[in-house]
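In what follows, chain A forms one complex with chain B and a second complex with chain C.
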Partner chain A sequence: MVNVDALRGYAADLLEKGQVRAVIGYRRGTAGVLAQPCTIDEAGEAETLVWDPTCLNNLARYLVEDRQQQAAAQTRNKTPDGRPVAIVAKGCDSRAVAVLLQENYLKREDVVIIGVSCEGSGVIDPRKLAARPEGRWASRVDFAGADAFKVTVGGDETLIPARDLLADRCLECRAAAPALNDVLFGEVVTERGLDEPFRAVKAAQGATEDARWATWEHHFDRCLRCFACRAVCPMCYCPECVVDSTTFVNTPGTTAEEKATRIRWCERSASVSESALYHLTRAIHLAGRCIDCGECERVCPVNIPLRLLNTKLEMEAFEQFQYEAGRDFGQASLLSSFRDEDPNSFIR
Partner chain B sequence: MPNSSQSPAPEAQAHEPRVVAFLCKWCSSAGSDLAGVSRIQYSANATPITIPCTGSMSPLYVLSAFNKGADGVLVSGCHPGDCHYMEGNYLARRKLYLVKQLLQFVGLEAERFRMSWVSAAEGAKFAEVIDEFVGDLRPLGPQTRLKAKH
Partner chain C sequence: MEKILSKDRLREWVDALDDCEVLAPAFADSVWNYARVEAETVIDLSHTNTINPPKQFAFPQREVFFRFERADGVPRLTPTLPDPRPTVVIGVRPCDGRGMPRNDTVFSKEFKDPYYWARRERLVLVGLACNQPHSPNCVCQSVGGAPHAEEGLDVLMTDLGDRFHVKGITAKGGELIARGGDAFASLQAGDPAEVARVHAAASSHPQRPVAELGTVAEAIRARFDSPLWEEMARHCIGCGICTYLCPTCHCFDINDEVTNPNHGTGERVRTWDNCQFPDFTMHTSGHNPRGDLGSRLRQRVAHKFLYFVENHGTQQCTGCGRCISECPVGIDIVAVVDRVSRA
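Moving on to the complex of A and B:
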């Protein structure tokens, strides 16, 4: 069991001693049952930290935001506070940090990882909870061993099988504890008889070519291009995105000739072809980097099953190249390495 | 969304496939030259684009070609072990394997993306690769799935 009081004490201690600038963690949310991300910088606030199955967010995203803010401060000639930031990290979050370290986006000494185990289960999918009669009014969800969640509605507590509420990615998760950590709360659980890894992708690719296209055409058609999926992803940290340039924007002063000669890989219109280009490009840019935190899929306002695109490539990386994103921050990245025995038979 | 892609249009038989061929300048591009100077007859459906090395292929080139209406995309480079830059073709092989898998996963016809190793001495193989590709593309008709509709 994760001892939440011990976690709070650890965070308070780090802040008290001035060893970290801030702690990024979760606190009780103000709207509904879900916990919400928080940043605390005073030891007294550590009391508000929580850890339960509603801590959905991948907090590694906030390390990215923080680094961007630090860089911005530097350009304003302010000397940023060089102390590290601590982060409460689940298994998937810690793998995201590992990818950021692997890519030299962060330095190891810049982050203190407060690992939390998922208690053999994982986090809930709020849509699955809301679909249940007790779900709408639930005020709390707690771990109750590996096989169940304790859902509190008013004064009543019900046990619901974990399998019924777990997020899809948690069902398929292979390592529900952070391997990369500075301190770990809770136990490392490796045996989880929930779902085989990559089950959803395997099911999706079992459909015929035409059926697969019909499905994805439908999804690409519905995409609003709100870019919420990109904004939430800890690996989508490029300051300039190829599908949506911030450097070359059309202003009233842009001439027709400039507009005509500017290279645009992707139009901004939310049409099937352009959204396909966006999503396929994003998927390939995340190959060997996506750690399947499921955040992109969770935040999509039109419920596009984005995880499938990314996990398809992670499955290929795993099966063909024995590569796992975030396994080890010292490993060479998927696309900057190769082996003689890589698949070759698809080449004429 | 009108689904224009389910069955090949009746005029599919008459459709001449357009292939965008990304050719490494050190091998396949020279191979295509050799096919030309050797006066080998082969399909004229491919538009060659010379690239410095297959390792320089961005997946975006492939996606963009399909977006602009290519019926097929070919990437051709040096045989394993022969890369001018030692390892570019190995990096390309991994990257483009993933691109191919991804395109198939969303349901683009599997035949439409292809890779080949063609050295500067293999003019005849170059001609064969193009002929074969065009032959496989013809029955598929025009590529409508990823093509921009505007």
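Moving on to the complex of A and C:
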């Protein structure tokens, strides 16, 4: 079991000794059952940290935010505080940190990884919880071993089988404890016995090409282009997103000519063609980089099964090249490396 | 006009509206949303609330203003004012109903927006009172509404078990009920008391208070430059969920979408815009007065509880709770307003 008090003590100690600038973790939210991300700057605040199956967010996304703020401070000729930032990381989150390290977005000495084990289980899918009678009114969800969650509604506690509430991404998870860490709370669990990896995408690709296109046309038609899937993704760190014109950088130095001739690959209209371009471009840009935290799918307000796009590419990477994003930050990246034993001999 | 509609005769009423586009909530892709009622559709009004509010039926996410082309070197514009069939939306929750008159105000006060009103004038909203809150984030009563509020609706239905109490609120609503003919029955002696009982029971569920509602506007004005905004937005990811799903957010962008640059062919379109996006208030100079997440959160909250009050005399938030329930990082407008009010 993760000892939450020990985790809080560790975070407080890091801050007290001035070894880190801040600790990014989870605290109780103000609305509903879910925990929410928090950034602790003072040792005294560490007691608000929590760890339970409602800690859904991949906090590596805030390392990206922090890095961008540090860079912005530098451009304003302010000397940024060079101490590292600590982050509470689940298995998937730590793989995201590994990719950021591999891509030299971060340096290893700039981050302290406080690993937490998912207790052989994982995090919940709030929609699965809300679909149950009274589930919307739950005030707490706790781990109850690997096979169940303890759900508190009012004064009543109910044990619900883990399988019934687990997020789909967790069912397919291959490493429910962070391999990359500076300290680990809880046990390393390797035997899981839930779904096999890539089960959902294997099932989805069994359909005919026409049926698959009809399905995705249906989903792209429903897309609101709120960009939550991209905004929540720790790998989507481009300051300008090629398929989102709202991010195009405009400075006092940008000329009228540049603004007028800038290519909009993707219009703002939320139509099937534009939304297909947006999602497929994003998926391709994540090939060999997606660590399947499933945050894109979780945050989608209209439930587009976005993981299928990303896990399809990761399955190809795994089956063709035995490549797993985030397995090791020292490994050569999928798209920038070549081995003699790689398939597709025509490349030579 | 008040009538009783047996649940097994709802379909009969809908079938009588055969010249209308009829939409009702449907549960698909694990989410409630409005869908067209087809011949084979089984209408299920057990919905919580739809993920999209009904604003899209007057203010769609994409509206074509006109088409343009160049013929023999001469630019030519073709108007594209919408000319929809009458559209009946069934099952609108009262919080969303209250959103519509707020949108109407925005699209008519200084300038009557012809595109909005071409759709709006043919839109009929058939509300369904909530017999219980759908989520802990339902706060309709805390912002001046009620689970059976009539404002903005043409018809209000109340679920009485095996039948609906159906009340025509506007002339448009009365006409719609009249078209149902024999599907409707008259009220029996005990019905008014039963409706009152159901409404009272629904109103008795406690809701989270929106702190000192009367003074929220003043508090936001006083704390305009407070560091609280930045702190509360620290984990905002800048997505568009809160405003796109809001029943009263109405900001839009206008772009020319060129389909063939050689022939100067394309469309001028209006699309939803969003105060949480980085280019929302971007000036051509590169200066952005809402250049960080804190000022964007303030923009959203102040629009609901300060600017709208100043401009139109009422709050813009109708308490549906979508922005709270769907926020990926737990930003909670009730808590935000509370903190600003107490600061």
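Miscellaneous remarks
Throughout what follows, the second predicted complex is superposed on the first by the 321 of 348 C-alpha atoms of A that agree within 3 Å, B and C clash if a C-alpha of one lies under 4 Å from a C-alpha of the other, contacts with A are read in each partner's own complex, and residues count from 1 in each chain.
In this section, a residue touches a chain if its C-beta (ideal position, glycine included) is under 8 Å from a C-beta of that chain, and two chains touch if they have at least 3 such contacts.
Just so you know, these numbers come straight off a predicted model, no measurement behind them.
Of the two partner chains placed by the overlay, only chain C lies in contact with A:W137; chain B stays clear of it. Shared-chain residue A:S269: touches chain B and chain C both. In the superposition on chain A, A:R127 makes contact with chain C only, not with chain B. Applying the stated contact rule after C-alpha superposition, one finds that A:L335 touches chain B and leaves chain C untouched.
In the superposed model, A:P343 lies in contact with chain B only, and not with chain C. Residue overlap on chain A between the chain B contacts of one complex and the chain C contacts of the other covers 267, 269, 271. Residue ranges on chain B touching chain A, taken from their complex, read 1, 3, 5-6, 59-60, 63-64, 67, 80, 87, 90-91, 93-95, 97-110, 114-117, 129, 132, 145-150.
Put simply, chain C touches chain A in their complex at residues 29-31, 33, 48, 51-52, 61-62, 134-137, 208, 234-235, 237-241, 244-245, 253, 255, 257, 269, 271-272, 274, 277-280, 282, 284-287, 324-326, 328-330, 332, 334-335. Residues 29-32, 34-39, 57, 61-62, 127, 130-131, 136-137, 219, 222, 224-228, 231-232, 245-248, 250-254, 256, 259, 267-271, 295, 298-299, 301-304 of chain A are the ones that touch chain C when the two sit in their complex.
Interface residues of chain A, counted against chain B in their complex, comprise 201, 204-205, 209-218, 221, 242, 265-267, 269, 271-274, 276-277, 280-281, 283-284, 287, 308-309, 312-313, 316-317, 320-321, 334-338, 340, 342-344, 346-348.
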